[in-house]
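Both complexes below contain chain A, partnered by chain B and then by chain C.
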Partner chain A sequence: MLLLLLQGLNGLQLGILLFLVAAGLTLVFGVMDFINLAHGVQYMLGAYLAAFFASLTGSFWLALLFALPSALAFGLLLEWLVFRHLYDRDHLSQVLATFGVILFLNEGVKALWGSAPLQVPMPALLSGGFEIMPGLQYPIYRIAILGAGLATAGLLWLVVERTKVGMLVRAGATNAPMVAALGVDIRRLFMGVFGFGAMLAGFAGVMAAPILSVEPGMGDNLLILAFVVIVIGGIGSIRGAFLAALMVGLIETLGKSLMPDLMRLFMDPSSARQTGAALASMLIYIAMAAILAVRPAGLFPVRAA
Partner chain B sequence: MDQMFFGRRAVLAGATGLAATGLAMPAVHAQATAGLKIGVIAVLTGPAAALGTHLRDGWMLGMKHLDNKLGGVVTESLVIDDELRPDVAVTKVRAALERDKVDVMVGVVFSNVLAAVMRPITENGTFLIGTNAGPSTFAGRGCNPNFFTTSYNNDQVHSVMGQAAQDAGYRRVFVMTPNYQAGRDAVAGFKSRFKGEVVDEVYVPLTQLDFSPELAKIAASRPDAIFTFMPGGLGVNLVRQYRQAGLANIPFLSTFTVDESTLPAQGEAAEGFLAASVWAPNMDNEQNRRFVHDFEGQFNYIPASYAAQSYDAAMLLNSAVGKVRGSLTDKDAFRAAIQAADFNSLRGNFKFGTNHYPVQDFWLCKVEKRADGKFQTATVKKVLENDVDPYAAECRMR
Partner chain C sequence: MRRDLPAIAFLLLLAMAPFIGFGEGHQLTLLARSMIFGIGAVSLALLVGGAGLASLGHAAMLGFGAYAVVVLDDAGITSMAIVLPVAMLAAAGFALLTGVIAIRTSGVHFIMITLAFGQMAYFTAASLSAYGGDDGYTLYGRTEVFGTRLLENRLAFHYVCLGALTFTWGLCRLLLASRFGRVLRAARENELRVQAVGFSPYPYRLVAYVIAGALGGLAGVLLANSAEFIAPSYLSWQRSGELLFMVILGGLGGLHGAMIGALVFMGLEEWLPHLLGEHWRLVFGPLLILSVLFLRGGLVGLPASLRGIGRG
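This part shows the complex of A and B:
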């Protein structure tokens, strides 16, 4: 029972990390109708910037402080250089171009920092742990991720639901030409959303850097999960992304820990372990298919069908 | 607006130009000189590029120590990036064979690439010296007269850990590997020598990021030790999270999980963790001391076994080309010259078995912090002596 609770906590924590990445993606996709495959690379860049500044300053906090504006600036730079020219093109051009950005940046970080994985030290303040069950420490840092993610979610909700900018963003998501016709500089709004999304992804990268390995291509795996999250949640919906991220985190974690044992009821142990593991990794996609069958536009559709 | 546009163009053009020069730099250009030409196959792009870099640099240091001569013949190295894609590897290898007329191929980090390039190279009558991948397919019935390897058969390394667990008297071991063929082979290799109880076998997806669910399982089952095979970034994540979860008091037995290619990212988290290897930087012989010292001097990182095995391949070929006095036309004579393995291996003890895989010693290694604060693996004890891989008997060399 304790194990199950613990796995639940692990699932929530993965979900929060996913949410940080997916939030920016869903905004960009929802508001601008722009498929940005390079979002995962921005997560990777956040982690690399953290590693870079941490090695310069020796402090995680300073690294965080410097990495965020750098991630923002880089996001804006990319928008200016590449993405801006793609807004009016079809999705295929966007996918191709942003995929090119992935390749370019993955090789770019390798040229700059080498292909060996890097590490970011955990901040001393958060490096302890407490014994959650006999023999197992739960690192305080993971609780901090949970806290930071929840705080970001709350802040985002506040901005999107309660401020003028948030109102424009929501309006842009529903009907961009109408917002432009009302005299709002939609390009500037897009640029702001894009930069902010890049910074959120970068923030997720910085937070993940002390527990995950910082290496070229680290964002690619996460990107697939992030797309699952925003599709389940309803494209453009922060609330949907939040719930879907927690759901995916929980399904993924609990599936992995329970499936092999569940399979053992039907088959012999060794094949149960392998099929269980294989099934567990399929589980979120099965869940996505099931949800889309019932609600084709996701849990919280933004655009009127 | 127009001006801005031109600004963008200029920046883009500049970036492209930079990238082009950056890409062009590492390529070694073929020149029309009499002498030998060696193709070095290594993965240099993608997540696994760190391993290919070790392999290439090891070879390059060997050639530098040999003054770019094998057996006295001026030699040129042609680096081939296989991109860890078998189709790409085959295309590039064919080009190297037919256009550049390379005399010998060395390298290859991954088994799937080796499997793809094996026939194009050997059927061309060219020798291939593997310096890392050692799949069982080419050790047993699929053994090939034109293929040698300076590494090992993968199964041996995993079985070393099984033997080490057995020797240490562990009774209950928790096993965790990625869910693919090599992961299942690792478990089989471990179990071939470990006779105690395997408490649980956990298979994780190759894209696994967070190990918390598995760590909770490990803590709950309280094993005497865990055995794992988590190559590359997987291993970095696992090792750090294992330490952060306070599980480090449970012995961590591993293969291809903690070595000099991942230690820079694992650092303190890996200290005291165990690995199995044929070589470690601390091995105490004259050639190894020189190798490690010069390698760090030139490339500014600590070499891993990929580098050492490639360096050995350079020394091996040097001895073989010397024996046939620079003439590679008599294939049988050259084959016999390689088989003789008349060189000083960084591992000390080294000879080839009948299947052209080494017969050698296997070591239990431990991660330790050096005086300069960097981390490396160091030998703890010899686990297997003059070990012959389990497939050698099936090999009928034809």
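This part shows the complex of A and C:
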């Protein structure tokens, strides 16, 4: 029971990180119909920038302060250099060109910082444990991630649902040509969405840096999970991305800890461990295939038919 | 017939390659690998170019073929007469099972769902601890052909791969030219109109998907024999991405594009590290981006684009 609670919290925390990455991805995908495989490297860049500024300034908070605008600037630079030339191309070209960006940036951080994982010190204010139950400690930092992520999600919801810019973004996700025809500069809107999404992914990277090892390619696996999230949630839907991210985070984490035990009911311990681990890794893909088989446009489709 | 000239010329060049300065061991190995990935790429081009189905899980088909070799090898069965049909059937079976669901979707969702199935195959392979799990499995002998170790001979293996590539290209070419292929291509252009004249695209696409899967299995058998080592990384989504890239780099104008794309890709992957050292991907990545931005028709479309520039 205790284990379930802890793993549930860990799952929520993975879900929150996933949401921060998936939010930008789903908006970019929804508004401009642009598949950006390189969104995962924005997350990696966030983590590397945090490591870089933390070693420079010695403070996590200063690193956070510097890393966010740098991530934003980098996202805008990539948009200007590469992505803007791909908007009117087919999905396949976008997938391949952004695949090239991944190769370049993964190798780039390897050339600059080496392939050994970097460590980012945890801020003193947030280190230590928090007693959620008598005798049960949970790291404060992980709770802080949950809080910061939920606050960001709330803020994002406010912006998207309650402001004029948000209205344009939602309208763009539903029918972009119509919004452009109404006189909105959709390219500038998109650049804004793009930079903002890159910053959110970078923010997730900064927050993850102290608890994960910062290494080249760390964004790739998260990217695939984020794609699963936006496809399950419905492309372009922030609400869908939020629910799907929490779902995927929980399934992934709980599956990894519970599946081997579950399998032990049917088979001997050693093969149960392996089959369980394999099944656990597959669970989210099974969930995605099942959801797509029933609802081909995801849980909360926004695109006008 | 005229349209096939580039492909036939390319295959003939490959046939002559060992005698015109590419006969050394490592060159033959590289050529064999290029032809093997060429088989994978041509079968994928049948889907992407022919049916408009961009699969991001095609490496799983090669993986099924390769792991069939491994499983049978572990059981002591190394005869090609058994290994090849089993491998192709296994890959085709996986394609059928996953295709039934995947073909229901289209566009981006098809890309994502094939990716999901590919990942399932990848994680399954990684959990096969009897066959090395994550660390992979080393084959101590290549598959036997009629009881002989024919495939151990590099030159013989070169021509086996060339034969398989020619077979794959010919089969896909015939399929695309047939009535079956016409329905596929028509459905790619306009699904609604195809339905209006009385065809349901679904079974046609499914059959194409299964055939591409079986051909991927063929490539997998040769891949296992060429590397004499198989690891789950052969099934990773990055491999599927590379296969797609070979197809697009070559160009969708004809099936020979995929063969040329595979050769150029493998060549770059081999030579760039020699040329540029450890961080060769710093050049390879931008090359990839530039080729997508400026080589719209792929490599096979290059002469036409250059002529266009020449005319002003």
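What we mean here is this: the second predicted complex is superposed on the first by the 298 of 305 C-alpha atoms of A that agree within 3 Å, B and C clash if a C-alpha of one lies under 4 Å from a C-alpha of the other, contacts with A are read in each partner's own complex, and residues count from 1 in each chain.
Just so we're on the same page, a residue touches a chain if its C-beta (ideal position, glycine included) is under 8 Å from a C-beta of that chain, and two chains touch if they have at least 3 such contacts.
Since we're looking at a predicted model, the values are computed, not measured.
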Partner chain(s) touched by A:Gln274 [first = chain B, second = chain C, both, neither]: both
- Query: Does chain B (first) or chain C (second) touch A:Phe227, or do both, or does neither?
  - Reply: second
Based on the superposed arrangement, let me know which partner A:Gln137 touches: chain B (first), chain C (second), both, or neither? first
*Classify the contacts of A:Pro216 with the two partner chains as first (chain B alone), second (chain C alone), both, or neither.*
first
Query: Looking at the overlay, what does A:Phe99 touch: chain B (first), chain C (second), both, or neither?
result: second
* Between chain B (first) and chain C (second), which, if any, makes contact with A:Ala124: first, second, both or neither? -> neither
Practice problem: Have a look at where A:Leu62 lands relative to chain B and chain C in the superposition and call it first, second, both or neither. | Solution: neither
*asked:* With both complexes overlaid on chain A, does A:Lys110 touch chain B (first), chain C (second), both or neither?
replied: both
- [ ] Could you look at A:Ala73 and tell me whether it touches chain B, chain C, both or neither (first, second, both, neither)?
- [x] neither
Overlap of the chain B and chain C interfaces on chain A comprises residues 104, 107-108, 110-111, 274, 277-278, 281
Within the complex, chain B is touched by chain A residues 3, 6-7, 10-11, 13-14, 17, 80-81, 104, 107-108, 110-111, 114-119, 122, 129, 131, 133-139, 141-142, 211-218, 221-222, 253-254, 256-257, 260, 270, 273-274, 277-278, 281
Per the touch rule, the chain C residues reaching chain A in their complex are 48, 54, 56, 101, 104-105, 107-109, 111-113, 115-117, 119-120, 123-124, 126-127, 129, 133, 237-238, 241, 244-245, 248, 278-282, 284-289, 292-293
The answer for chain B against chain A in the complex is residues 8, 11-12, 19, 22, 45-47, 49-50, 53, 179, 184, 201-205, 207, 209-210, 212-217, 219-220, 222, 232-233, 236-237, 240-241, 244-247, 249-250, 261-262, 264-267, 301
The answer for chain A against chain C in the complex is residues 29, 35, 82, 85-86, 89, 91-93, 95-97, 99-108, 110-111, 220, 224, 227-228, 231, 235, 274-275, 277-278, 281-282, 285-286, 288-289, 292-293, 296-297
